[in-house]
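After this come two complexes, each holding chain A, first together with chain B and then together with chain C.
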Partner chain A sequence: MTQSIDTSSYSAITEAIQAEAQRVLGDGTVTAVIGYAAARRKGSAQPIVISQADDAARLIFTPACVNNLAVYLTKAKKEIPRNGRIGIVVKGCDLKALVGLMGESQLKRENLYLIGIPCSGVLASTIQPDTELTADTLASKCRECDAHQPTGCDFVPPQLPVAPELEKKYQAEISRLEALTPAERWAYWKEQFAKCIKCYACRQVCPFCFCEQCLCDRNKPQMVETTPRPAGNTAWHIVRAMHLAGRCAGCAECERVCPMDIPLNLLNRKMAKELKELFDYEAGFEVNDKGPLTMFTEKDDQSFIK
Partner chain B sequence: MQKYISQQNFTALLDALIKQGTRVVAPKLNAGTVLYEPLAAAGEMVADQLPRRSGKEAFFPLCEEIMSYEKTGQQVALTDIDPARFPETVLIGVRPCDAAAIPVLDAVFSWDYKDEFFLERRRKTTVVGLACTTADDACFCTAVGISPAETRGSDLFLSPLVGGGYRCESYSDKGEALINSHSALFAEPSGAEALPLAEPQTEKFDLKKVKAWLDEHFEDPAWDSIATRCVGCGACAFVCPACHCFDIVDEGTEKKGKRRKSWDACGFWKFTHHASGHNPRDQQPKRYRNRIMHKFKYYDDKFGQTLCTGCGRCIRLCPVGIDIAAIVEEISKKEV
Partner chain C sequence: MHPEKTSHTFEPKVIAFVCTWCTYAGADLAGTSRMQYPSNVRVLKFPCTGRIDPVFILKAFQQGADGVLVSGCHPGDCHYIAGNFHARRRFAVFRKLLEFVGVDLNRLQFSWVSAAEGGKWVEVVTDLTERVRAMGPMTEFKELALEEQWSGVIDTPELKEAFSQI
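Entry: the complex of A and B
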């Protein structure tokens, strides 16, 4: 029988974030709050930006609140007003992205009001949003979450996250791919990248893809073929994985939104594993203005120089 | 012409078509995702799932070469693609929402400019529709005026029967020709009942009222509340059976390369970015507004139809949960 995940605390969490959002909007602490609201389909949720205390009652937290809302605070998204302090509802995984963005001088802590969620997990896919949260429907990232309880927020509801010990799917899949021969691994990724349609959903939801003009959108000179064909698709996903190495903290939004089911987070988790092994570095836990790939120290591993 | 085909003969029909060299495109599992793809054998067809992308790519591929060039000294050799080489195709198992989008595309691709790539594939393709027996709450074909048994766009239409097999009805010469080419596999219609049709739950939209509001509200605060959340990807347009914008790029080196046509999307920032640096759609709500305007106003102004068949793919796959059915419903309730 499938193990169900206890989300009974989510309704109390919803009430707590509504009350807090109403308070901080009402007393002028923040000018806006970015959170989640219910949408038309049963069980569905979508991001919302509210600026009136009365709208705080629209905020919810449910297993369908999958989005990493940090994306709305990057310079690539100019639609959210930037006057004054902004409140944002964050799960622990989303908070890691904000920490990274602060390290990269994209955001200032004092301009944010962080409403943290003690999160037991969210759905892998919201194609059917009214699905019950179980070990089978849980997002893979939640199975190996190390940030159920966000730290350093301005407000966190008192409920405690419940997180059963589950098999770590990414770790298992990375080990499986590492055990393949290079030719077999190449065949696997070739098949996956061939599915890419270059809709750039992966880039558009990524908090770290904040370049105002992506290198891969340029045509003079054209760095990467823009048409959805195997060579350009492969180049695109590898460029992106390299650019995220040491920055991506594993929110897995790229993988969740891919309409073609390409397991993109595997690339990012593999890079994170390398960073951990080579530099003992993990992204997203503290604000660092120098990541391991943006500076040199004499202690750095140089074994690759032959 | 109405006929019956048993499940066994249906399989035999697909295998016979494949064997004779016809390209048979049908819903098929491809590295974990169901897509309309050429079959190598009838058994590969997945009849019970709506493919992730629509059937439009049978005529309007995701990416296609339209020309190649090669420079030798001062000479440039240009080589055209010969559409006569496109294969005879049977597109089978097409959902009514996908099939109904085909005439919508016909109107665009044969309007002021005749797109020979699209039209030649269209001429060579027989479309076999399949009635829909399941729907989820993202489906809204009935809300935009078509039904799970819509035959528009199909040359031959299959209705699954209780107890197996299909009732087949032809709606064009191509459909009749397909039956006649393998007539031994078809029988006279049986008395068997058709499986109950899917019942999408969304209420029918008042599309005239929606258009009347759009006619007057190019500028409106509603666009911000609808689409500030839009992150600007092309997922909605790329999975849509009716979206048809494309880009043309030259790829290769100065000496040698190819000119390619590939899908484009109005959600992209780059879509309206001018060479001068100016972008008339400088914020995401203006880009999303174009999606709604094109589907429910501009296309209607030009061709008298709606550019949406209610397949619900954009709803299921939007990274940020934008729900076009909810938006159109909301617009239909506004004062004009």
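Entry: the complex of A and C
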């Protein structure tokens, strides 16, 4: 018997965000709201941008609302925030990403109207969207989520999230890998990275991969081989993890979109764990001007340096 | 005059990324002081340790380095005030990442060598070279470069069933 997760509050949350979106669009607080709408497949959801108060009724929140909408405010969609204040529906993990982007001066808080969601969790990427949310169908990131209730938003529905204590899959997997020898870990990652087809979906979906030109696309000098061969794949995934170290908010979108099921978030979680241990840094809801790798203290650990 | 050179079956390639203000000058001092150190080390000069991107280390391993040394000014001595402090944090994280991916950290050495520490440079380079020599060649990245495609198994029961239904 798998533990089911109470999502009865989601319908009330849906109504609350619909009413709030209608209000802020109607009185001109925002020019558009980015949220989730029902998609064509039964139970599925897709991102939507609405700019008319009448469309607010299309907004929903269900366990199938997996996307991190923060990605619609950077990169290709960079011009959106220029058109005025934007409302955005955020789960706790998405809010951490937005906060990170604000810290990196990619977004301004005053240009955003945050509609927070007291989220109890969403479905894993491999699960059909109309499935009931249980401990088995829950996304791995939600099992160790510490951000069910977003703070610092402009509006949060009054419902309270449920957060049952579940086995932490990433933590367990990291401990398992850490206990192996370097050669065994290499063999594990070699197999994982060898699957990569270099579709760059992980880069495309990541709110933090907003560089206009990626280091990995440059060919003078070519630091990372671009072909989907094991050597280039390994380099790409190491560079990706390194560039996200100290920035990743843990929304696990990279892992969700990966068509080859490479455990990308595992690398990100490992980096987050190390940053917590080394510099006592964790992604949170507070905007920091400097990330852990763009600042320093004179007392930083240097036991590894001769 | 010179001590008898022992011959080895394996001569490791060691790449040293050094900062121009301290370690490069330190290595220079070792040279002008006629100190002996292994010729296995290839020195690459950078303006500052803060300029040394972790991807350089990765590239060095991919291009056949058996060991990598990153060396710069002592904390507080940076010509650019804080370059080595930033580098210290970055490499603390990067070495953890490499460790997690399965690279043996004994092949990667970080050190502070000032312009006056020719002796320390000799010591660091000799230590790393001998350690890497004992470990043998770094084959992981080289083997990876020779592999062409995914070598995984794609004959799962589901795929077999799907194939038989075609």
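The rule is simple: the second predicted complex is superposed on the first by the 297 of 306 C-alpha atoms of A that agree within 3 Å, B and C clash if a C-alpha of one lies under 4 Å from a C-alpha of the other, contacts with A are read in each partner's own complex, and residues count from 1 in each chain.
As a working rule, a contact is a pair of C-beta atoms (placed from the backbone, for glycine too) under 8 Å apart; a residue touches a chain by one contact, two chains touch by 3 or more.
All values reported here derive from a predicted model rather than from experimental measurement.
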| item | value |
| --- | --- |
| Clash or fit (per the criteria above) of chain B with chain C on chain A | clash |
| First, second, both or neither for A:Thr137, with chain B first and chain C second | neither |
| Touching partner for A:Gln18 - first (chain B), second (chain C), both, neither | neither |
| First, second, both or neither for A:Val239, with chain B first and chain C second | second |
| Touching partner for A:Lys195 - first (chain B), second (chain C), both, neither | both |
| Which of chain B and chain C A:Lys42 touches, first, second, both or neither | first |
| Touching partner for A:Arg229 - first (chain B), second (chain C), both, neither | both |
| Which of chain B and chain C A:Asp217 touches, first, second, both or neither | first |
| First, second, both or neither for A:Pro259, with chain B first and chain C second | first |
| Which of chain B and chain C A:Thr74 touches, first, second, both or neither | neither |
| Stretch in clash, chain B with chain C, out of 5-13, 41-49 or 293-301 | 41-49 |
| Common interface positions of chain A, toward chain B and toward chain C | 191, 194-195, 229 |
| Chain A-facing residues of chain C, complex | 53-55, 58-59, 62, 75-76, 82, 85-86, 88-104, 109-112, 124, 127, 140-141, 144-145, 147-152 |
| Residue ranges of chain A touching chain B (in the complex, touch as defined) | 39-42, 44-49, 67, 71-72, 77-80, 126-128, 191-192, 194-195, 197-201, 203-205, 217, 219, 222, 225-229, 232, 253, 256-257, 259-261 |
| Complex contacts: residues of chain B adjacent to chain A | 30-33, 52-53, 62-63, 136-138, 224, 228-229, 231-235, 237-239, 247, 249, 251, 260, 262-263, 265, 268, 270, 283-285, 315-317, 319-323, 325-326, 329 |
| Chain A residues within the chain C interface of the complex | 177-178, 182-191, 194-195, 215, 223-224, 229-231, 234-235, 238-239, 241-242, 245-246, 267, 270-271, 274-275, 278-279, 292-296, 298, 300-302, 304-306 |
